[in-house]
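You will see two complexes here that share chain A, one where it goes with chain B and one where it goes with chain C.
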Partner chain A sequence: MTSPTKIGQVKTVQVDTGPALSRRRYTKVDPIPWWLKVLGGLVVAFFVLPTLVVIPMSFSDATTFQFPPKGFSWRLYENFFTNPVWLDALGNSFLVATLTAVLATVVGTAAAVALSRLQGRTAQFVRTLLMVPIVAPAIVVAVAVYISFLRWQLTGTVTGYVLAHTAIAVPYMIVSVTGALGGFDPQLLKASASLGASPLRSFVRVTMPLISRGILTGAIFAFIVSFDEVVIALFLRSPTFQTMPVQMYNSVTVEIDPTISAASSLMVAAVTIIFILPQLRRGRRGRRQESHADDT
Partner chain B sequence: MSSVNIKWSRWFPLVPALALLTGILLVPLGKTLVDSVSTPAWTLKNYSNLFTDGVTMTVLGRTALTAATVTAIALLLGYPYAYLMTRVGPRARGILLVIVLIPFWTSVMARNFAWVIILQDGGPVQSLFELLGADHVVLYGTTAGVTIAMTQVMLPFMVLPLFSTLGSIDRRLLLAARGLGSSPTAAFWKVFWPLSRGGVMAGVVLVFTLSLGFYVTPALLGSPQESLVAQLLAQRTTLLLDFPAAGALGIVVLIVTLVLVAWANRVGGTVSAIGVVATSRPKDRP
Partner chain C sequence: MTRETTVKATEPSSGTGLGTEIRLAGVTKDYGLASPAVDDISLTIEPGEFMTLLGPSGSGKTTTLNLVAGFETLTAGTISLNGADVGNVPPHRRNLGMLFQNYALFPHMSVAQNVAYPLRERKAGKEEIARKVADVLELVQLTGRDGDYPSQLSGGQQQRVALARAIVFEPKALLLDEPLGALDRNLRSALQVEIRRIHREVGSTFVFVTHDQEEAMNLSDRIALFNNGHIEQIGTPQQLYTEPETLFTARFLGDSNVFELGQAALDEKVAQDGESWIVEPGTVAAHPGVRASSAIVVRPEDVEVAGSRDAVPSGANAVRATVRDVEYMGSYRTLLLAMGAGGLPGRARTSALRGEYAIGDTVVIWWWPRAQRIVAA
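Up next is the complex of A and B:
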C-alpha cells in the first residue's frame, strides 16, 4: 500500500477486512479511546450535515435564502419544473452529460485496455499525460479552453461542452477500467485468438464482459463529472445555452432565486441514488463473496 | 502481419484519447503559453508584471496561506479519522469510507450553496456563536468562511492516502513499545507517527496543491476584496479580456501545481489518488 507509484499508475484503495488479530481480542488489549470516537463523530457531522441544509430549505415559503426556512410549500419544486430557464438548463446538462459519458466510455476504455498491455517508458509517459486533466487546476484549464474555443467558435455549443467535459472525464474512465482490468488474465486472449477469433471479436466476447462493471462505473463517473462540472461551464456559457450548475451559480450570485434549493436537493438525491446506493450494495456483495472465498 | 505492425497496432487504441487530450487541453495550454510570451511583443513582460503589479503577489500569498490553513485543519481532522477507520470493524469501516466520499460526490453547486446558507448573515453558524456569547460573527464574505468550506471538500484527499498508509502499519509494534515501558503518547510519536509520514506527506501535498485552484467556493463565499488566485485569473480573462496577462498567471499556477504534484508523487506515491479517491469503493475485489 505504501510502495511508490508513478503518476497514472492505478492503485485501488483496498479495504483490508482482515486485521492481523481478531478484532474482539484486540479491542480488549488496545481499546479505541472515547475521545477518538467523539472526534470521528464530529468529522462525520462535518461531512454530512452541511449539505443536508438544502433539503429543509427546498420546502421554504420564503423568497430569500433565510434559514431556518419559513413555512412549508412545494412552490420551489413547482417553480423548478415549470420555469423554462431551469428546465432548459436541466435538459442541456442531461444532453451534455449523456454525450460525454458515451464518448468518454469509448475513448477511455480503448485507452485503458491498450495501456494495460503496454510497458516501457513511453507507455508510462502516456499514462502520466492522460492523468493531467485531473491534476491540472480546473480554472487554468477553463481559461485556456475558453480562449481557444472563442477562436474556434465552440463556446456556447453542445460540441464545445461535450469535448471539454470528455477531456476531463476520460482519466476517471481510465482509472475505473484499469482497476477492473487488474484481475484480467491476458492468457484468455491468447486462448481466444488460438480458437480463431479476431482481436476485435476477442475484445467484444472476452475482455468486455469481464470488465463490464469497470466500464459501467466509469461511465457513471463520466456522466456525473460532466453533469456537475461548473468552472469550465461558466466560461463556455452563452446567453442561449447554459447548464444546470451555471444556472445554479447565477441564482446565488445574480438572481437570489431560492429555486436553487429545490435544484440542489434534487441533485443531492440524484447523486445519492446513482452513486452511494450501488456502493453500499457492492460493499455487501463484496463481503459475501469474501466470506465465501474463506470457506473454500 | 509483420512484427512492426503488431507493435503499432497495440498503440492504436490510444489515438482517440491522445487526440482529445491534445486538441482540448495541450493545444489551448500551449497556445496560452505562446501568447503570454509573444503578445504584445516577444518579452517576458507579462510574467514580470505579475511581480510588480502590486496585486498578483498579494493574492498569491493569500491563496498559499488559505491553502496551508485548509491543509493543516484537514490533517488535524483527517488523521484521527483515518486512524479510527483502521481500528473499527469492516462494516463500520465501509460506512466511514462512504461518508468520506460524500462531499466529493455531492454536487459542487449544492454544496457551496449549502455553505452560503450556513455562513450567511443571520444563518445557523451565526446563531450558534450568539448562543456561545459571541455577537454578530460574520463568516460569509471572509477568507475564514472560504477556508471552512474548502476544508470539507478537501478532507477526502487527506483521509484516503492516510487511511491506506495507517492501515498498513502493524499495530503490534505499538503493543511492543508499550510492553517495553513506553507511555501511549510516546509510543504513538516514536513508533506510529514516523511510520505514517509517507501518507501524511502525500495527503498534505495533495490537499495543498488542489486548494490552490479553488474557484467556485471563494467566488461564492469570499469577497472580491479578498480574492484568491483563481478569481483573479477569471477576472483578467472575462472582465479585462487581457488574455496574455491572464495566460501568464495561469501558466504560473499550472507549473506550480504540476511541480508539487510530481514531487508528491515521488515522496508519497499517491498522486493518482485523485482518480482513486473518485473511483474508490468500499470493496473492490473481483
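Up next is the complex of A and C:
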C-alpha cells in the first residue's frame, strides 16, 4: 500500500500544460540543428514579409502607391475611418464572420461528434463528402451558390452571406473538432452516464470542456474563412451590402485608392489579434488551475 | 439475505443502495459474429453479494457487465434490479456505479470535483456534497488530495478516486470491470484488500469482472465462471476449486491432474492393464453420470508419490509417471511429471520428508478415490 498520509503532505502543484509540455520535451530529446532554424526563418520571412510590406505603406503621405513609402502620416487611416463605404464594409464583414463562426461552431461540432461515433464505410464517405467545399474550386462553389441564391432571393443579404460562408467554414470546424476528439477517451462518457448524467449533460460537462480547444480553433478558422472570403462575396454583393474584401477589390480595380493599404493593414492586424487571443486565454486558464481556486 | 425492497420499474431511486438483487434471465447478446458474445445466461446475484465474473479473454464478461449497466442492448432475455425490469432504462437512470480498468477519471476536474460529479448530477446541496466527498475520500484513504488533478496521482490512487466517485452516490450496485488490471502486483493485492473492506463497509452488491483466478478466489463470495459466452459453473471459490463440474472449471482454477477416461476406464479394464495405471474397480465406472468423455481430476496437493507400485496402498488409484522437473517452493516442492503411457503433463506436491526425487526418476502417483473428481469434458 502506498501510504496515503505521507503523500497527502506533499503538495506538488503542477499545471496541465498539455501539448506545450510535450513539445518542450521533444526539443530536449532531439535538439533542432542550426541550419533547420535558419531555413525555418527564411520560410517565415518569405511568407510574412509581403504581408508586412503594406504596413509601412499605410503610413505614407503620398496620394498614390509608393514603395518604399515617403513621409509619415495618418492620412490613409483618416480616410478609412471617415469614409462610410469602408466602415460599412468593415462592419458587414465582422457581422457576417461572427454569425458564420457561431453557426459553423454549432453545426460543425455536432457533425464532428456524430461522425466520431460512426464507423465503417458510410462514415468515411460522409467525411469525404463534407470536405468537398474545401477542395472544390472556389469559383464553382460561388457560381452554384449564386444561382441558387438568386432563386431564393438571398443575394445581397446577411443570411445569404452567412449561409454560404458557413458551408465553406464547416469543414474546417469538423477537421479541428475531429482532431480534438481523437484524444478524447469515449470511456469517459460511459463513466459519466454511470454517474447519472444524461447524454446532453455528459456532453456539456465532459466532452465540451475537453475538446474546447478544438472548438475554439475551429471557430477562429470559421471566422477568418468568412472574413477573407472574396469569390462568393463578389457574386453575392449588392450596391447596399458589401464585405471588406469586396470593397478592397473595388478600391483597387475601380478607384485606385491608396486607402487600401490602411484597410489591408487593419485586416492583417485584426486577423493576427484573433489568432493570438486564445493563446492569452490559455495562459490565464493555466494559472487559474494552478491556484485550485475554481469550484466547478 | 432476501430483503424485500420495492422500487419503481423506471426509476431505480438513489439511497436504496444497500443490497440490490440483480437477476439475469436468459440474457443473450449477439453481435452477429460466429457465436453470440453472451449466450443465454441466467444468474441471480444476491443482495450485498460480492459476485465475480471470471473467465478467459473474450468469454463475454465485459459484455455481460455492459448489459447490466445498460451500455449494450439485450438481444434476448431480461435483467432486473430488485425485481424491476431495467431493459428499457437508459444507463444514467439505472443508478449503478461503475469502475473501469483505465480509471476513466475526468482529467479536467480535480479529485473533489470528480467525486462530487454524481452528487451534482443529482442536484445535491453544497454542504451535503462537501460532507459526502470528505467522508468517501476518507473511506478510500485519500483525505487531503481533494485539490489534485488525476494526472498528479498514481494509478492506484486514481483507481481509489474512481472508486470513491462510484460509491459516493450510494448506487444500487457497483460494477467493476477489471479495475486492478492496470496495476502492478503489489498494488493489486493492496487494492484487493481495500475493495473487500469497502464492500464490507458499504454492504452493497458488487459485480467484479476479472480473468485472474487468484483475484477471484481472494475477493468473491461467489464466482460465475464464464466460457465462450455461457456460464460454466457458479459457486463459492471453495466449491469451484474442490467440486468442479466440468473439465474447463477444473483446469481454469488452480492446477489439476487430468485423466481423460475413454471407454477402457468405464469397462474397468484399466485396472488389469497394470502397465501405466491402476483404477480401483468401482471408483470410476460406478460414478453417477460418468461417460466415456468424462475425465478424472485430482489436485496436485491431493496426490502422494511412491517409489514403486508396491508402496501404493490397496484401495487407491495410481498412475506411473516420470519426473520431468522439480520446483522448489520453500515449504514444499512440486514435481512436474509425465504421467502414464501417453506422458500426460501432471503435478504432484511433496516435501523433503516424504522422500527426495530427481529428474528422470520413475515414480508412481497415487490418491484416494475420495480426492478425485469425475467431471464432464
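Assorted remarks:
Just so it is clear, the second predicted complex is superposed on the first by the 230 of 296 C-alpha atoms of A that agree within 3 Å, B and C clash if a C-alpha of one lies under 4 Å from a C-alpha of the other, contacts with A are read in each partner's own complex, and residues count from 1 in each chain.
Following the convention adopted for this analysis, contacts are C-beta pairs under 8 Å (C-beta built on N, C-alpha and C of every residue); 3 or more make two chains touch, one makes a residue touch a chain.
This is a predicted model, so every value here is computed, not measured.
In the superposition on chain A, A:206 makes contact with chain C only, while chain B stays out of contact range. Within the superposed three-chain model, A:191 lies in touch with chain C and out of touch with chain B [touch as defined at top].
Once the two complexes are overlaid on the shared chain, A:119 sits clear of chain B and of chain C alike.
After superposition on the shared chain, chain A has more residues touched by B, the comparison being chain B against chain C. The residues of chain A shared by its contacts with chain B and with chain C are 1-2, 4, 7-9, 12, 14, 16, 199, 289.
On the side of chain B, the complex with chain A involves touching residues 9-14, 16-18, 20-21, 23-25, 27-29, 31-32, 35, 77-78, 80-81, 83-84, 87-90, 93-94, 96-103, 105-118, 120, 122-124, 152, 155, 160, 163-165, 167-168, 170-172, 174-175, 198-199, 209-210, 212-213, 215-216, 219-220, 230, 233-234, 237-238, 243, 246-247, 250-251, 253-254, 257-258, 261-262, 265-266, 269-286.
On the side of chain C, the complex with chain A involves touching residues 69-71, 90-93, 95-98, 100, 102, 104-108, 110, 113, 117-118, 121-122, 141-145, 147, 149, 151-152, 154, 156-157, 162, 165-166, 169, 175, 187, 190, 194.
Remark: chain A residues 1-2, 4, 7-9, 12, 14, 16, 185, 187-188, 190-199, 201-202, 205-206, 209-210, 289, 292, 296 touch chain C in the complex.
Within the complex, the chain A residues that touch chain B are 1-17, 20-21, 23, 26, 29-30, 32, 36-37, 39-40, 43-44, 46-48, 50-54, 57, 65-68, 106-108, 110-111, 113-115, 117-118, 126, 129-149, 163-164, 166-167, 170-172, 174-176, 179-180, 182-183, 199, 217-218, 221, 224, 228, 230-231, 234-235, 244-245, 248-249, 252-253, 260-261, 263-265, 267-268, 271, 275-276, 279-280, 282-283, 285-287, 289-290.
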